[in-house]
Amino acid sequence: MSQPLSNEPLIIAGREFPSRLLVGTGKFSSNEQMRDSLRACGTGLVTVALKRANLSSKADPFADILDFLEPERYLVLPNTAGAMNAEEAVRLARLALAAGLPQWVKLEIHPDPNYLLPDPIETLKAAEILVKEGWTVMPYINADPVLALRLQDVGCATVMPLGSPIGSNRGLETRAQLEIIIEQARVPVVIDAGIGAPSHAAAAMEMGADAVLVNTAIAVASDPSLMGRAFAAAVDAGRAAYELGLGAQSRKAEATSPLTAFLG
Amino acid sequence: MSQPLSNEPLIIAGREFPSRLLVGTGKFSSNEQMRDSLRACGTGLVTVALKRANLSSKADPFADILDFLEPERYLVLPNTAGAMNAEEAVRLARLALAAGLPQWVKLEIHPDPNYLLPDPIETLKAAEILVKEGWTVMPYINADPVLALRLQDVGCATVMPLGSPIGSNRGLETRAQLEIIIEQARVPVVIDAGIGAPSHAAAAMEMGADAVLVNTAIAVASDPSLMGRAFAAAVDAGRAAYELGLGAQSRKAEATSPLTAFLG
Amino acid sequence: MSQPLSNEPLIIAGREFPSRLLVGTGKFSSNEQMRDSLRACGTGLVTVALKRANLSSKADPFADILDFLEPERYLVLPNTAGAMNAEEAVRLARLALAAGLPQWVKLEIHPDPNYLLPDPIETLKAAEILVKEGWTVMPYINADPVLALRLQDVGCATVMPLGSPIGSNRGLETRAQLEIIIEQARVPVVIDAGIGAPSHAAAAMEMGADAVLVNTAIAVASDPSLMGRAFAAAVDAGRAAYELGLGAQSRKAEATSPLTAFLG
Amino acid sequence: MSQPLSNEPLIIAGREFPSRLLVGTGKFSSNEQMRDSLRACGTGLVTVALKRANLSSKADPFADILDFLEPERYLVLPNTAGAMNAEEAVRLARLALAAGLPQWVKLEIHPDPNYLLPDPIETLKAAEILVKEGWTVMPYINADPVLALRLQDVGCATVMPLGSPIGSNRGLETRAQLEIIIEQARVPVVIDAGIGAPSHAAAAMEMGADAVLVNTAIAVASDPSLMGRAFAAAVDAGRAAYELGLGAQSRKAEATSPLTAFLG
């Protein structure tokens, strides 16, 4: 990666990250491909799903995937995908901690099997418990501005509202609500789920989001390393534009050519 | 610039360009700032407005701006902004040629003072004349698929449909028509006008446009060099995603986490 | 009103309503104007805000507005606007009941002073309490599909997701989430808030919403009676189209003219 | 039909029409069904396609369809669908006149077999010829503001920009350009093509369009009479709202409930 275009680093819970692109680790066709893609895109935070059952049944449960997640490069953020309620999510988080992962968690509770949309009630409940236990909690939520504020009130380190359903590639369908969440936020806002193209990621950054989390669109690409770099470039471009300030939209046209500059 | 992410070069009328970002030269606060921004963004094609009047009244009419447009870096594409009809546009083009510019022209005929929207009739008329005289003609048009085909039929080298009114920063308002133009095109399609943010530029490339032309959003930025680089990065990212192929949008969610990879 | 175009009546909690247009009573310039508008639009359900304080301080607290809400025409639905949490909402509802209003309530809890967006946690909490006490509960919520399901699970009679912030006239900004809520609903879905034009109301019905609640756009119109009728007509038209089934959108054109019907 | 909600009549070329809903006659499953639908929706202007060939080959060429188009109810507007260029369109129009139809024509020239999009050049050419011959010309065009002005300059009685491709049901995809056309218009603007739902028709009227032309969505409905009435109601509602004036969209919410009206 060349020198980034944006200047302000992403800081979550006091830790600085080298990129505003966060990446999920599902759906890659192999661990080798995942490792290469993560390296290529320059991310500093990757999420890993905790399985719901059999958490202690193996001698070396992390062997499979964690060998490929270089701890000197990334914060490995366990997520509670698969948890149906607060209790399950809390239990999963504690098991991850016991297994040696850092005390950070992406809280993800979605009882809905079709759209995998998050449960606001159980998410707040689990967040309260985990924050009290000392966790850095990053909750995945619907684009609900009031819930976002409540999660900040109980001490979450970020809020992670969805752009559209997980894996749908539909981009920022919740844009109007995201704008309000960003306007009111006191912690970093990470747009999570639905980011299916570099332009979606750039648009999220231009709106003032602090980071995006991308998984499917990178993992299933024909070349995940190259696609990861494309997302990284778009995130950087969108963020740089946000930092510089973009022009307002106008109804009327404005001539770019004053018609005096040339041949005059 | 590091190695670009996209692989297929932009070729117009047999000439290869180093970038799919084309840049206009209006509205920069100084020629020095313009020069630096053009260098920084890596473009290989810049447009320059031809003034409507007094075309031959100065001893060295190009001194002011052309000194800053390094010919070894860029194809300098004169545009006919300010022409109200075909006759004026043709006359302007010929004067530019006489003054030593290459025989390329961005045909831009907009009688509308409010929105600076192009005239389809006069544009086709001028294109016919100039193509017969041997010009490489790049017409700026409304997002009109039938007009786009007709301009290709008379031998234009590209079509340049607008995304939204010039200088409006409103992005791809004509997306539905642009998709048809791209689907039917036999020459490169350059999205011109209205591109106000890197995400707009990335989205244009993801749709399959061959290039974008940006001016206002770069020229009036607080740091035009950095903004130029941000647009270049977004164009490259969007194009790479197009070349790799983006996933289809889906109604339902798809879990990114198979819930079996970890702790299993 | 002439014979309605739609055939399936709106039924909430076993009660049939003559119209799918529900109307709020705030912001009218006078009670007389409100009364006339309500009559003109043919609604059968009107909401009335319960004041937060001084609920029992007047001898005849309903005199002012309730004289104008003809009980033989409308179900008067008290709403808890102004409540900041579940406790306040429950207290307001009980006072309304004590004052002689029916045991129906529009549950509306919005701590956010800027956007008046609803609180998911407190809303569910209040709904649970009120349903157990025998209320017919109609909760105003963000467009959150999981919350909508949970409120149905505890026995709410409808869900009332917002289209956009109250009074914003921005229409169906949450369309993607509304579609999911409608698809999964087991009770009537009422689109509440943000409906600023008849086309918004028609679009909500075409999506399959069971009703819309409109207030500002009718109440502040230059002629609230006529605007009420316009919304009623749009609701009826949109519902009829939904019942008949609308054609799918297609990418390609289809000639309407077989070119054989005439002069052949 | 009950008394319409809108008050200002549609007047084209000095003739007043009873409805702002114009209807095409293609695709109905039978002439009887068409007749009933046209009666039910209250339109006063119906278009009929002129076949490209064999225009004079039958003894009574109008027998088939014109028997069902009651001349005391409707202006029968021949359209030139199927014409590939100006010459064919002009010839078709003249044959219709010779056959006894009024000297009005919907000019429709679309060489594009996939999207049936109109040709701007040939349309202007044919319009010039026909206006000079004394025709009332209503041209079907892309949403091109400059072309719309030029057609007005040569004396067309309306402009009929498309919302989206014919038969696509995609609604007002060209909204941004339509707004400019309406703002600049000196003759009635009829939105033609793509109107697939009552909400689309209402939205067109709310924008300030003078009329809409609908065909497919009515003709192929399971009950074309009822669907025709639904479109008529939506057009009337949208127009009434336009005449009354709709509220501006706002970023912030505005409470509808002053929280003082009730129980106070």
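Here the chain labels run A, B, C and D in written order, and each chain numbers its own residues starting at 1.
Criterion: a contact is a pair of C-beta atoms (placed from the backbone, for glycine too) under 8 Å apart; a residue touches a chain by one contact, two chains touch by 3 or more.
Heads up on the chains, UniProt names are A, B, C, D = Thiazole synthase.
This is a predicted model, so every value here is computed, not measured.
Enquirer: Go ahead and note the Å separation of the Cα centroids belonging to chain B and chain D.
Expert: The mean C-alpha positions of chain B and chain D differ by 35 Å.
Enquirer: Give, as an integer number of Å, the spacing between the C-alpha centres of chain D and chain A.
Expert: 48
Enquirer: What's the distance between the Cα centroids of chain C and chain D, rounded to whole Å?
Expert: From the centre of chain C to the centre of chain D is 33 Å.
Enquirer: List, in ascending order, every residue of chain D touching at least 2 other chains.
Expert: 114-115, 117, 165, 170
Enquirer: Among line, ring, star, complete and other, which one matches the pattern of chain touches?
Expert: Topology of touching chains reads as a ring, each chain with two neighbours.
Enquirer: If I apply the definition of touch given earlier, which pairs of chains qualify?
Expert: A-B, A-C, B-D, C-D
Enquirer: Would you tell me which residues of chain C are touching chain A in their complex?
Expert: Against chain A, the touching part of chain C is residues 110-112, 114-115, 117-121, 124, 142-147, 149-150, 164-165, 170, 173-177, 180, 184.
Enquirer: For chain A, which residues are in contact with chain B within the complex?
Expert: Residue list for chain A touching chain B: 1-2, 5, 24-27, 48-52, 54-55, 58, 61-62, 64-66, 79, 81-82, 95-96, 99, 114-117, 165-170, 196-200, 202-203, 206, 215-217, 219-223, 226-227, 229-231, 233-234, 236-238, 240-241, 244-264.
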